[in-house]
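Next up: some structures, all given as structure tokens.
Consider the two complexes below, in which chain A is the common component and chain B and chain C are the respective partners.
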Partner chain A sequence: MTSISLQSISKSFDNNKNFAVNDITLKILDKEFLVILGESGSGKSSLLRLIAGLEEPTLPGDILFDSKNMKEVPPRNRDVSMVFQSYALFPNMTVFDNIAFPLVASESNKLDVDTEVKRISSLLKIEDLLERKPSTLSGGEQQRVGLGRAIIKQPKVFLMDEPLSNLDAALRAELRTEIKKLHNKLQVTTVYVTHDQTEAMTMADRIAILKDGKIIQVGTPEEIYNNPAHSSTAEFIGSPPMNLIKVQADNNILTVGSQKIAFSNSASGSIVMGLRPENITVVGNNGKLSGTVSFFEYLGDSKIINLTIEDELIKIKVSDTTGISIGDKLSIDFNVEDIRLFHVNGNSMK
Partner chain B sequence: MKTPYGFLIPTLFLIFLVGIGPVLQSFLLSLSEFSLLNPSMSPVGFHNYIALLTDSIFWNAIQVTLFLVIGSVLLELIVGIFLALLITNSGSRSRRVFSSIFVIPIAIAPIVTGILWSPNSVFDDLNTLLYYGLSLGAYIDTSIPSTYYSLIMISDAYIWAPLFMLVTVAIIHSIPKELYEAADVMGASAWTKFQKITFPAIISSPIIVVTLLLRTADAFRMFEVPYAWSFWLGQDSILGSPVDTVSVLMWKMFSSTLYDFPIAQITAMAIVLLIITLATCSLVLRRYSNVLE
Partner chain C sequence: MSQFKKNNTRYIRYMLLLAASLWVLWPISIMIEEGFRVDIGPLFSGRGASFIGEFFQGQGGIRFSTIEYVKALRIEAYPRLLINSVIIAGSSVLVAALAGVPAAFTLALYNFRGKPFITYSLLALRTISPFAVLLPFFLIYGRLGLFDTYRGMAIVYLIINLPVLTLMMRGFFKDIPKEIYEAAFISGASNSYVLRRVALPLALPGLAAAAVFAFVGTWNEFFYALFLTGTVTKTVSRGVWSGFSESIESFKILEFDELNAGGTLAIIPAVILALAVQKYLARGLTLGAAK
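Here is the complex of A and B:
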């Protein structure tokens, strides 16, 4: 039962010239599944490694587990477990020895190694692999072993560093469900780092979005989907992501090229309008905007119409495109409540 | 003949010319009574081999060689791994300085190393210091076999341990650092990490196996160091140097030339040395066949 509190944590790898993690303050609640989402280079892995104790924070700042300051505590005494993107299994040991390693390595262990390994391996459905070496296993199996090794010592905190990124799509979906199930069963505070928005949306209790070492938004998946705090969040979440259209705002009128939308707001000048592809409908005529169909993307259960409006390309998610072909003039409609406005620098206007 | 195979002829010819041919030639020579004083190729069958196998000095040389090869190669491996650990665990500046210093012995001519480590260069002064300077009343007696065998192994390790060090450093650098991080997080001590990650990675690495093979094959041709030692051991039974204590196979071959250059006998010895070397290497190979696949 552990909550984690990060208090203005920074990390620089080049003597404070650039910060991989820049003054982050974040509270991770007890039993929470927090996903840190960000592009590569956003500092998400560094943040995780700071929590694990594998990196030391550069500037003054504290990491608290419950109310205990972890700053001087080495990784081995922090009672955390970590799962790695590269699995990091010990190549010379069997699966059994890999899973048993945390129990064997720590002197304070009082659990029975055999019983625990059996229990964990049946939980992860890898009982048949115990005598094999990691190199003979598939990626999915290897990561199951990695998970088993993390679970066995019953840590206070799970740290997962892009555990599914090296797997193919089908396996990723399967293990995603499995990790979520494990979390529900074990109820251990989990920090999960990923660049995959689907993973973040499906697994997280809360998502923290990281950009250039800073948190730009923390919230539940719903909050982040509905009210992105930054245009880059809007671009990151959703498939396809939110349309961002350059508009001119003046006197409660938004102008796209030469077309005007009435929308009460306080902005003026150049701004960015965000609109989710799934909130747009195709109407015969008299829609709010109109444009020319450029091309289609087929997704199976739905289709995406790419519509050129003046100079902007807008994606529209529809279930059916019968009767529409490339080059057609199309009129689209949407609720003005679905419009999100951003400053040109990316910050949300609300 | 199919056309593609025709193109192999020049290569096969070259391989035969520089590889297989000379070995066959040597083997034929070893079946004759050819010497500088009597350059006749008339065959004498396996006479040279029988003479060799009934020669007690030859058997002794084999024992001495095997003993020195195994001892010095193992010592090189251990010291090399130790030096590699020392270097990889030190700071980047001291790493550069120490790795340069440790590598110097490879560049020194083995005969110089032999003389450097032989009794009258170092041990005379050292013993004087121990016996008189520090008044300990004790000294290192380099004429005791266990002492001089150890010292010969040490001087050979002094030359070649840096090679194992370089190889081991490369292996250690190739171990994914996530393994250590995983172990850190799981509460492993530094010793556990060495025992479970670093050491298995080193000994199961194909690079170390290949180096071990090369060194073993090379160690059978060990000559300079025992040669340098042979003059100081004071057992000048034949030709002013001992043939019964530190005479390795190469020394036996070398000393045989001094009478009438019996080339046939020497080639017979060379063939036997070749067989021993190949046999030892194939033993090492078989032990590690799974690693080298």
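Here is the complex of A and C:
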């Protein structure tokens, strides 16, 4: 039962010249699975480490667990657990000792170590590995041990720092489901850091998107997918991501090169039009825009047509490309409600 | 062509290494050789070398013999010197490790005011000339009654061993990935628990290397031993220089064959220890700078 509240938190590693985390205010709800999504260098790991207490905020700012200020509380007394990208298992200890570590190491523990380790290891399906050393395990098994070590002490908060980034694709998908299942079962407030938008979309209750140390959007996966607050968010989410097309706006008319789309809006001058590849359909003729087929990408279940419209390359997601070949003239259509407009600086227009 | 060039530079490198090692091994080889020689001339003193007809019979002169080793170990006070050295070096290294390991842990993991000063002070201790501190030690030891005592010698060698243990262990502790420490602290472990159960087991080979390095350094140390030990605590390094006799107190004329045998015996433990940890020794000597 813990909510986390960050109140104007900043972190600089070079005497306030650059800020890895720049004045972030964020409320993480009780039992929530919040994913912090950002590219490398966006400050997402620093933010997580600030919550853990492994870093101290540079400027005045508070981190509250429920209503308790964590300022003077060292990491070991914050009652959080952390899962690391590098697993960070103790190489000199067996799997059993690794999982039991939080119980054995803290004086205040009242749980029975043997019973708890058995329970956790069967939950994570690693009960056969208990006598092994971490170096003899696969990456996926090692991270299961890491998860076991994190959940055994029943913390108030789980912090996960790109836990799946070192695993191959199949394992990643498997453990993704597993972590989500664990969260549903344990109902512990979780902050999960990743650069992988698929992880963010599939696991999150809410996503916070971080760029250059600032939060540019917080919302449910649906909200972020449907209404990106910034063109960089639009580019980050979805596969393939949203098409961003330079257009001229004037009097409720958007102009792409020489082609015009009627769309009621208040903008004028140079702006950016966003359109999701899956919201575009190919029509015989009389579509809203037309262009030339440049190349195809095959995704298995679907195909991407790359269409050149007056110097702009647009991706269209379709299930079938029969009868279309490179060089063909193609007309495309879409609902104008699916259009999203952005200022040239990236901010979305409302 | 390039293969030829590559081979050539390799030969040159080997030749240089060979020359360097010969330069180092030359005096040692002389010592070892001299230790195995005995001058049996004095047995025939007064009679001179024997001749039968015009042929030299070889009763006098130099012979190969292990007699000096037997004498050193069986008859004379040499074992006592070895024991003194083991006691002094061992206790000094033990105390240095007890103090230096926690200090190294703190220096490796935490930032605090005065940390650079402490680090450089430790480094400065390594560079101080023994002459600078010998006289103060001499005076203080005289007053405190520490002259020629095991305690006194163990303390004086802390000057060498504490910086070695601390700086080397700091390097080994820093070699352990940061996340391992963080995982341990977040799990709720205290500083001393992390040191005892996580850091020290992982840095154990490093601790062995640092301890051996300090032990061998103390074993070989001569200057402080020369001035601060007496008939009770005389160490093997001093004994090899000043000679040893039937008892540690007695004085006798220097016999070079005997000293060379003693010297050869004295380097054996040092060489064995160094070989045992040589893999970690090179890394430890860079104080954690190289990985």
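The rule is short, and it goes like this: the second predicted complex is superposed on the first by the 350 of 350 C-alpha atoms of A that agree within 3 Å, B and C clash if a C-alpha of one lies under 4 Å from a C-alpha of the other, contacts with A are read in each partner's own complex, and residues count from 1 in each chain.
Simple rule for what comes next: a contact is a pair of C-beta atoms (placed from the backbone, for glycine too) under 8 Å apart; a residue touches a chain by one contact, two chains touch by 3 or more.
These numbers were taken from a predicted model, which means no experiment stands behind them.
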{"item": "Simultaneous placement of chain C and chain B on chain A, clash or fit", "value": "clash"}
{"item": "Chain B versus chain C as contact partner of A:F296, first or second or both or neither", "value": "neither"}
{"item": "Contacts of A:F101 with chain B and chain C, given as first, second, both or neither", "value": "both"}
{"item": "First (chain B), second (chain C), both or neither touched by A:F263", "value": "neither"}
{"item": "On chain A, the residue positions that both chain B and chain C contact, one per complex", "value": "52, 54, 74-78, 80-82, 84, 86, 88, 90-92, 101-102, 105-106, 108, 149, 153"}
{"item": "Footprint of chain A on chain B - complex, ascending", "value": "176, 178-179, 181-189, 192, 196-197, 200-201, 204"}
{"item": "Chain B-touching residues of chain A, taken from the complex the two chains share", "value": "49, 52-54, 74-78, 80-82, 84, 86, 88, 90-93, 101-102, 105-106, 108, 149, 153, 159"}
{"item": "Touching residues on chain C, where the partner in the complex is chain A", "value": "177, 179-180, 182-190, 193, 197-198, 201-202"}
{"item": "Complex contact set, residues of chain A against chain C", "value": "52, 54, 74-78, 80-82, 84, 86, 88-92, 101-102, 105-106, 108-109, 149, 153"}
